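Structure first, then comments.
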Amino acid sequence: MREKKVFTHFNEGGEARMVDVSQKGATMREAIAHGSISMNRETFRMIVDKRIAKGDVLGVARVAGIMGAKRTADLIPMCHPLNITNVEINFFPSQGENKIEIEARVKIKGQTGVEMEAFLAVATAALTIYDMCKAVDRGMIISDIHLVEKKGGKSGTFRWKGERKDAHKG
Amino acid sequence: MREKKVFTHFNEGGEARMVDVSQKGATMREAIAHGSISMNRETFRMIVDKRIAKGDVLGVARVAGIMGAKRTADLIPMCHPLNITNVEINFFPSQGENKIEIEARVKIKGQTGVEMEAFLAVATAALTIYDMCKAVDRGMIISDIHLVEKKGGKSGTFRWKGERKDAHKG
Amino acid sequence: MREKKVFTHFNEGGEARMVDVSQKGATMREAIAHGSISMNRETFRMIVDKRIAKGDVLGVARVAGIMGAKRTADLIPMCHPLNITNVEINFFPSQGENKIEIEARVKIKGQTGVEMEAFLAVATAALTIYDMCKAVDRGMIISDIHLVEKKGGKSGTFRWKGERKDAHKG
Amino acid sequence: MREKKVFTHFNEGGEARMVDVSQKGATMREAIAHGSISMNRETFRMIVDKRIAKGDVLGVARVAGIMGAKRTADLIPMCHPLNITNVEINFFPSQGENKIEIEARVKIKGQTGVEMEAFLAVATAALTIYDMCKAVDRGMIISDIHLVEKKGGKSGTFRWKGERKDAHKG
Amino acid sequence: MREKKVFTHFNEGGEARMVDVSQKGATMREAIAHGSISMNRETFRMIVDKRIAKGDVLGVARVAGIMGAKRTADLIPMCHPLNITNVEINFFPSQGENKIEIEARVKIKGQTGVEMEAFLAVATAALTIYDMCKAVDRGMIISDIHLVEKKGGKSGTFRWKGERKDAHKG
Amino acid sequence: MREKKVFTHFNEGGEARMVDVSQKGATMREAIAHGSISMNRETFRMIVDKRIAKGDVLGVARVAGIMGAKRTADLIPMCHPLNITNVEINFFPSQGENKIEIEARVKIKGQTGVEMEAFLAVATAALTIYDMCKAVDRGMIISDIHLVEKKGGKSGTFRWKGERKDAHKG
């Protein structure tokens, strides 16, 4: 429906506002976000193989990502403050590509969704990996930060559908 | 030099620490980071063409990005708290690709660099764009977050060298 | 009733405390606060007339005000942390007086009211206007910060009744 | 000089930015801000006369104001993070007017001024007084928040010159 | 039961996570924590006897402790953000021992307990006492920070049982 | 000297203030603080022996402690905001006593000392250990938080002198 296409974070006058969710009921909601960070082969091996370089890069990044999810409303202007009830972050090293895939899962029983909290978890974890490794590799790239899945709430379920780039050309 | 390849954020025992910059002099430093967010054509036009949808998405994202740079030490565990002296964020809409390129520039006269501050500015701006537009497009992707340039400090100047993907395969 | 006149934020021993709202039910609550900032005619025109000086002062102040409302419990010692569900900020330029009137509206379904959140939105927006314009006018004055209306909760509805100054003399 | 009248917090394109103070030297700076809160006679007496109502309203407000000054860069989008070196807050009860005058003084040796820090101290202290007393008086008004004096830095000394309202009509 | 002894803040792979409380109902919960700070006799008398040294050390520490309880989720990585509904802090000067006993009581109607919030209140209050007095006594010791009581939630009631040291040897 | 015994955080009127360090030069400063957490033998072994229970409790606590040091000025009312240049946290498990000794070391080149930052690192690390283990042991005790050493600044060097308890009786 064309007429649905409005930015809900602006009023009719084009002024930014926090969307009013006062009347919405508290329901179970969950969001999963994804991102990745690619690097030099040596950096990748230093992160993944503890025999080469001591220090748990991913452990620190996981703590940072969980804490980052809790700061979402401090950072994203129109986000509602939320009492998230669960955050989990998983790292999937992809050896062929010298890349760490990052997945964050956030839950709440609340009046609005937790997509942004999942994104903050992913972004904070990725940037922490960069920070922990930047002395050996300043050329790392963070990419493919996107929503994987969202459940709960009036807008229903969203699931990421693989080949994205074409869709964007559309 | 092989022996340079150590994670400075861990001590010899593999324990995380904030790197000691107590003895370093305060010098002029600057960092430029880049990122991009791609989206549906309609979303792109709603952001760029004010006649279609009212509301200054990029204006809100710019404010968020500047404020995000100031929260770097709160979010990234080993980052030193820093009194940054300048933040600027530029958006470059790329119409053919339905993509907004984001560039953040941070300066300081201080004892350590401001790469992470520039990254936080980019990431916060990109996530704010996502948040402002997610009601119309949940499939946006944030990508290509990387350091463009870094000046000042003992490690000298870093400049991003174009074709990155191959380097990472190496 | 005279015996109602006690400071609820102190116990009988005169010691500060966060008021106990544990047993209160979650009800719909709303608060509207007002403030104003007056300035030189030229500054006023620079803010209001975009042809004179570029830059959306009120747009930045609106974002700051919304974010400020979310920091209320961080700043006001005895305020409960709250998950506000809506913030809206309106600016009313008053040309004859070279003054911007500021109104903030905050909602929640919660155990306590959101007056302080509305005040923080107004104060942060007003101070941001000051900050954005101080290079051209250091003599701006912020005034008339008061509660306009409060609804919901046991203490019922409050509405501001015009001529205030006399009441204060009483 | 007419050509000085530009908003330094926007670039030529009208885009908000943190002003670049990288090249400025660190000098001694001081700012004094003022504000007031007026109230019912009974509320005023409860605050000022400890025999009537126990509880040190102004003591709590002073702590809040000092802490508020430290949060300036978190709240005001374009403010530089600063290491302020002194904050003092004084309250002057004005019995005839049932009003508390608030004065905050902030110092730094730094690259930019601390006016906004002084304002945050005043505003946070005033709002805390409101919060501590709102159970007995919801009609309090916060007014006359203005800069009293500013010293140091390239723009030199500013001193508030009494009768303000006429100036604003001009 | 031996098999109950698992760290709930780690998954089976040993990875840190915020415990999932999404499915838990909101119930009344309360936690009481204790701590103490011991000092020189003179420092003790300066705090307790207002005739000797002016300044309400415990008043400032109480405000700090209440505000500290609200920052729990910002500081303790796996703590859920919570809307606590009550914080009270009591100080018990113990003259014979030149010691201030600190007790904090926190309540909530929520999905998880508030032990950590009570601990943060105690620790922040104790450290504030240290900070306020350190110019006269750098040798103060903070000790005996422990949980006194916890009520509500599935794990039921916990009560501290006096002689602790032996239990720890066991 | 008797006349030195004044609380510098209060003025002559007994009003709290941030101590004025504007005129002090920036010198190298360092502070070391200590604390300990004692627990049941089983909990101790779960933390120390990774074969028994997976999960790096001390790794998470170290990250939290480093981040906690950076929040000192947010939590302790009269603390100056500081750009600390180094934080290191060491844990010393004491098997006979089922106790983890915690030591934090903080450095800065600045106008005032970093004792409170070292204390915040210790307290945050200790409370994080409690939080991570509380599902298996609610009776843990945090004790012996004291300053070990302080160097730099006008007040010179402080070193902790062993047997403390007697001193406190005096």
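Which chain is which? They are A, B, C, D, E and F, in the order written, and residues in each are numbered from 1.
The rule is short, and it goes like this: contacts are C-beta pairs under 8 Å (C-beta built on N, C-alpha and C of every residue); 3 or more make two chains touch, one makes a residue touch a chain.
Just so it is clear, the model here is predicted, and its values are computed rather than measured.
Touching subunit B and subunit D at once are the following chains: C, F.
The greater number of contacting C-beta pairs, out of the two interfaces D-E and E-F, is seen for E-F. Taking the mean of the C-alpha atoms as each chain's centre, subunit C and subunit E sit 33 Å apart. Put simply, the C-alpha centre of subunit C and that of subunit F have 38 angstrom between them.
Centroids of subunit C and subunit D (each the mean of its C-alpha atoms) stand 15 Å apart. Of all residues in subunit A, those that touch two or more other chains are 15-16, 56, 59-60, 63-64, 67, 71, 74, 77-78, 81-83.
Contact annotation for chain pairs lists A-B, A-C, A-E, A-F, B-C, B-D, B-F, C-D, C-E, D-E, D-F, E-F, with touch applied as defined. Of all residues in subunit F, those touching subunit E in their complex are 4-10, 12-16, 35, 38-42, 46, 50, 53-57, 60, 63-64, 67-68, 71, 74-79, 97-99, 115-116, 119-120, 123-124, 126-128, 130-136, 138-147, 150, 155, 158, 160, 164, 167-170.
Of all residues in subunit C, only 56, 59-60, 63-64, 67 touch subunit B in the complex they form.
By the touch criterion stated above, subunit C contacts subunit E in their complex at residues 11, 15-22, 24, 73-74, 77-78, 80-83, 110-111. For subunit D in complex with subunit F, the touching residues are 28, 59, 62-63, 66-67, 70-71, 81-90, 107-109.
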